[in-house]
Amino acid sequence: MVKVGIVGGTGYTGVELLRLLVMHPQVELVAVTSRSEAGQAVADLYPNLRGFLALPFSEPTLENLAQCDLVFFATPNGVAMKMVPDLLAKGVKVVDLAADFRLQDPKAWEEWYGMPHACVDTLGEAVYGLPEVNRELIKQARIVANPGCYPTAVQLGFLPLLEQGIVDSANLIADAKSGVSGAGRQASVGTLLCEASESFKAYGVGGHRHLPEIKQGLELSADTSVGLTFVPHLTPMIRGIHATCYSQVLDKSIDLQTLFEQRYIDEPFVDVMPEGAAPETRSVKGSNICRLAVHRPQGGNTVVVLSVIDNLVKGAAGQAIQNMNLMCGLDEAEGLGQVPLMP
Amino acid sequence: MVKVGIVGGTGYTGVELLRLLVMHPQVELVAVTSRSEAGQAVADLYPNLRGFLALPFSEPTLENLAQCDLVFFATPNGVAMKMVPDLLAKGVKVVDLAADFRLQDPKAWEEWYGMPHACVDTLGEAVYGLPEVNRELIKQARIVANPGCYPTAVQLGFLPLLEQGIVDSANLIADAKSGVSGAGRQASVGTLLCEASESFKAYGVGGHRHLPEIKQGLELSADTSVGLTFVPHLTPMIRGIHATCYSQVLDKSIDLQTLFEQRYIDEPFVDVMPEGAAPETRSVKGSNICRLAVHRPQGGNTVVVLSVIDNLVKGAAGQAIQNMNLMCGLDEAEGLGQVPLMP
Amino acid sequence: MVKVGIVGGTGYTGVELLRLLVMHPQVELVAVTSRSEAGQAVADLYPNLRGFLALPFSEPTLENLAQCDLVFFATPNGVAMKMVPDLLAKGVKVVDLAADFRLQDPKAWEEWYGMPHACVDTLGEAVYGLPEVNRELIKQARIVANPGCYPTAVQLGFLPLLEQGIVDSANLIADAKSGVSGAGRQASVGTLLCEASESFKAYGVGGHRHLPEIKQGLELSADTSVGLTFVPHLTPMIRGIHATCYSQVLDKSIDLQTLFEQRYIDEPFVDVMPEGAAPETRSVKGSNICRLAVHRPQGGNTVVVLSVIDNLVKGAAGQAIQNMNLMCGLDEAEGLGQVPLMP
Amino acid sequence: MVKVGIVGGTGYTGVELLRLLVMHPQVELVAVTSRSEAGQAVADLYPNLRGFLALPFSEPTLENLAQCDLVFFATPNGVAMKMVPDLLAKGVKVVDLAADFRLQDPKAWEEWYGMPHACVDTLGEAVYGLPEVNRELIKQARIVANPGCYPTAVQLGFLPLLEQGIVDSANLIADAKSGVSGAGRQASVGTLLCEASESFKAYGVGGHRHLPEIKQGLELSADTSVGLTFVPHLTPMIRGIHATCYSQVLDKSIDLQTLFEQRYIDEPFVDVMPEGAAPETRSVKGSNICRLAVHRPQGGNTVVVLSVIDNLVKGAAGQAIQNMNLMCGLDEAEGLGQVPLMP
């Protein structure tokens, strides 16, 4: 059994980790921390866990967390980087679901997140936790940076094209749409039901924090620089991301369907749909699956990849557990067999 | 392993049975029938099942179904009653998720469902599948009538009060609200997103088919006749039923909280919330749990019981599997451990 | 032209007043105040008003408001009562959309709203602004207490029955369902899209502030004391209230349909539907109409009245303008001719 | 007063025409036809019209319609083209909200709509009803082809760029998202609330009927051929279209904000938002406004135009009335002053 702790268990990624971990056959939950809720039963805050979890929230102390084999950080950006070095020193592995360890360049981090990085040395050893790219590195890692939700959907959509160098990498467009849970559980006017339902809008057009993360990943795959326009949108639903990825193919004779199927043939959580299909976000709701389809409309140069995930699962908690499984020598898919909830 | 068949696998209760059964450790799915879709892969119609189920839809023939140990009917009303006697004769057990075997009185069936009952003899041996009332009978049954969604929520709300005879049984009110999936997957104008979202309405005020079913159940529990006003409403969401049950207490000194907790203390799928609480339907989404709270506002005579279920799980497919588990000698909760999906 | 001011123009009742008033042919908007947004253009906060309103928010000073003929308070409870006496002294009429002047008994106000009333003398002259009951008094009033949203829907549903004394007034039940906009535009976790959509729940079962307001109104109509159980519920949509009103008829021979039609025959904003109908909340979305239907299921004693309004219009801003029209000698329906938005 | 008829008044564009026309001060509604509902009161089908419209549905006969000055066709594709020549011969003007007269090339029509065009001669005189492009022609027209919803949003987004020839017209991408009402009011599984809510998907990626319509319009504006990738998506809400339009600017020194503001400065129904803004679809709900914003992210070559409309108003019924106003010599904005409904 892996002894697991969660720091910051009150947000949506926290409760989603709990939903998945309480049923994970190889995990023992030993600590769920929340400074604001310490002492309260977790299931009082999240009644869906009544009968599944008896733990109370506890204080996020080093002492409390050092008893764990692995700790998940489901905290706001900037929290994990202050605690991770101490945990590593105690022999505790870490998966950070926030952005602290995602950008390899500390200057880029400071620019996009507005604060200096607190542990640049540790940053160097952090592995970017996209198993479809870094599986072997993740197995050896002590600290894994769990990818953002948009970056997961967009990278999995572009990877086969960029790895093969068959599209113009200077001119990529990712038009991405997210459900509202991506904005978290903080009280804010913009995500009230009366503001966000029955409406659709773009946001962060001038520059979203996931842009440098996506670019970094795509450039590694392409092994060259990449030009990316990334426009995120808010769509009136709870869960789900749909990325529509546009690029210009350099050679129209390539069989894109076969390319995608071959690239992901051994991946347990990537499903390439048949030619002509269009995945719905609900077809992955509650599951760790990324579902893809590839099109070249009217036989032209433009390749359109449709990529859907559940932002809270493959885009956060599920992928974090996939990483934990790899880091702890478990079956990669353990505890992640949920069938999507439909309708 | 129990060999299981599903007749009518294309509706919402059908796909929900599939979602739960593909992960059930003691079940082997051998046939999913659909006259209209025979030959097509089930997962083509329901992409959430891609990777979980390789079966195609097959024809609903006796031959096809006779190989099963147990068959679920997830068909429109009036279908099961024509096939059940033959299946029983072949030694196949049946759980009918439609209404064919719910009303013990064939005249009442004919009146409310507009057709004569096709197998009155078999009707006599059918057990009403509410485990919280009929657990021992279900274990012995060959044919179980799975309760309707409203009847499950309303009966579990009223039962403790009626069994103890502490409310005026002549004047019960059940104001019930259902998500739209209760109306099924048939193409119809009334349940289009543009008709049913952003709106709320009552329907069937003059008389809904679940009224005689609820009355029948309540009268058995009360051991007397019952006067019930039942008003169902459509609420703009996919899953969930919320029943608000009103009755007049005869003796204000009774401790209702304790009464409810004691009544359901051993029930694996009924959760009585603490005093003062109000259950949300989302707290049971995707799970087989019925969550209850009991109130007596302002210390008056009116008892208000709040009862929530997921209409597709405890109100249909989940309860059907709970019945199957009982009928087949399995652990009653096997395959029904899903944590509700929240948010 | 009536010179109009709005105090507290940033909430949902404020922006709804603006939506209606910018098109009102007899109104000149001279001040929209907001302490927090003073100086900013109103249309910057509410882009739906771009091109319709050039005013900036201003400070809520007496000087600023004294130039108005009539001022609407769309403020939190407890604000209006501190400013109203000064405005009346300046000859300004007031419609308060909050609760400050709704309860005639200052002790009841203190009990339910948790603060002493600041102007008990003025309270005495305030008229409860339900035109269907108090039309003549409203025409003479200087200060009108605009009814709450639930109280409007519930009272219009029960009034014909209580005025005629034909139901048991000791045992009324109002099971009411509201869209989320009733909770206002404050940032709060409970009304986030991810918390309030795809779910249904009761709240305030132990006692909601609208209970004493409804009781006060019903007792005046019944001319006797009234026993009322009031259970509000939150339903996942933006606008709309549906009240399902239960009572026990004392004489089954009365023609309820005719009673309701006669009671409201001259009311411009109450529509009694034909026998057997069930109004949808969306059928009044964006309009000042209350739509009713009356049923006596199975010919029993229980009368069920279905009553729907748009909580932001007939339940707030529209009724406030209806009151303004009456107070200022205008056509009662002026500026309130909007056709409901459907779908 | 203009005497107006509506053929096919039972769909969403039909009821939206009615919502707007019953309040239009210069219109007298003389016929609303529906073969299936003839004889029934229109307000029985659409309760939002109770009290606003007393007309029953009538048969769509020439005799019935010849008394009109202008007839709107809110019918399925292929209906109008069979009746229009006879109506024109009777001196009746026509606005067709379907696609029959949108494509100037009858072969293209046959290819995309699967039937030969029934009145190629009349097609030649039909004017494409986008007032921002064809205002003067519309004023003289007897028959106007009302643009599709996607084509309206996408063309208004690209026009200023193409008219000035400042983007690469060979490589345009329109990623468009529509609410579900765009699919109409026909009973169909795909637009049930349980299928279309809480999900997001692309559709018609291989080729959507609005593609040739958009291309035709853009090529006229660009005065050259155009390469367009058009990917429509279904978003879980009732009303609204959001088009995100991507193109590559040829000269980065051009002031795009000024270009857009100047292009639309005199347009009554196009609102260019300030630099950096992002329009929400709800900011135009129920109104005839198209709201635009233009971005050039990170100062790169890619121009991103955000364009929102209410698909049932500026994308259908509202624009049709705007065209009627022009054709009949009325003020272009008459009857179209609705303030968007928000929230």
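Going in written order, the chains are labelled A, B, C and D, and every chain counts its residues from 1.
Here, a residue touches a chain if its C-beta (ideal position, glycine included) is under 8 Å from a C-beta of that chain, and two chains touch if they have at least 3 such contacts.
Please read all numbers here as calculations on a predicted model, not as lab measurements.
Novice: Report the chain whose mean Cα position is at the greatest distance from that of subunit D.
Specialist: Most remote chain from subunit D, centroid-wise, comes out as B.
Novice: B-D versus A-B: which interface comes out with more C-beta contact pairs?
Specialist: Looking at contacts between chains, A-B has the larger number.
Novice: I'd like to verify one number: the distance from the centre of subunit A to the centre of subunit D, where each centre is the average of its C-alpha atoms, in whole angstrom.
Specialist: About 39 Å, centre to centre.
Novice: Averaging only over C-alpha atoms, locate the centres of subunit A and subunit B and give their separation in whole Å.
Specialist: 37
Novice: Return the distance between the CA-based centres of subunit B and subunit D, expressed in whole Å.
Specialist: 45
Novice: Please set out, as single numbers or ranges, the residues of subunit A touching at least two other chains.
Specialist: 12, 181, 185, 194-195, 197-198, 236, 238-239, 279-280, 282-283, 285, 343
Novice: Across the complex, what residues on subunit A touch subunit C?
Specialist: These residues of subunit A touch subunit C: 12, 180-181, 185-189, 191-198, 236, 238.
Novice: Could you please specify the touching residues of subunit D with respect to subunit A in the complex?
Specialist: 171, 173, 175, 177, 179, 194-195, 197-203, 205-207, 227, 229-231, 233, 235-240, 242, 244, 246, 248, 276, 278-283, 285, 295, 297-298, 300, 302, 304, 306, 308, 343
Novice: Tell me, which parts of subunit C touch subunit D in their complex?
Specialist: That would be residues 12, 15, 19, 22-23, 46-52, 181, 185, 198, 238-239, 271, 273, 279-280, 282-287, 289, 291, 337, 339-343 of subunit C.
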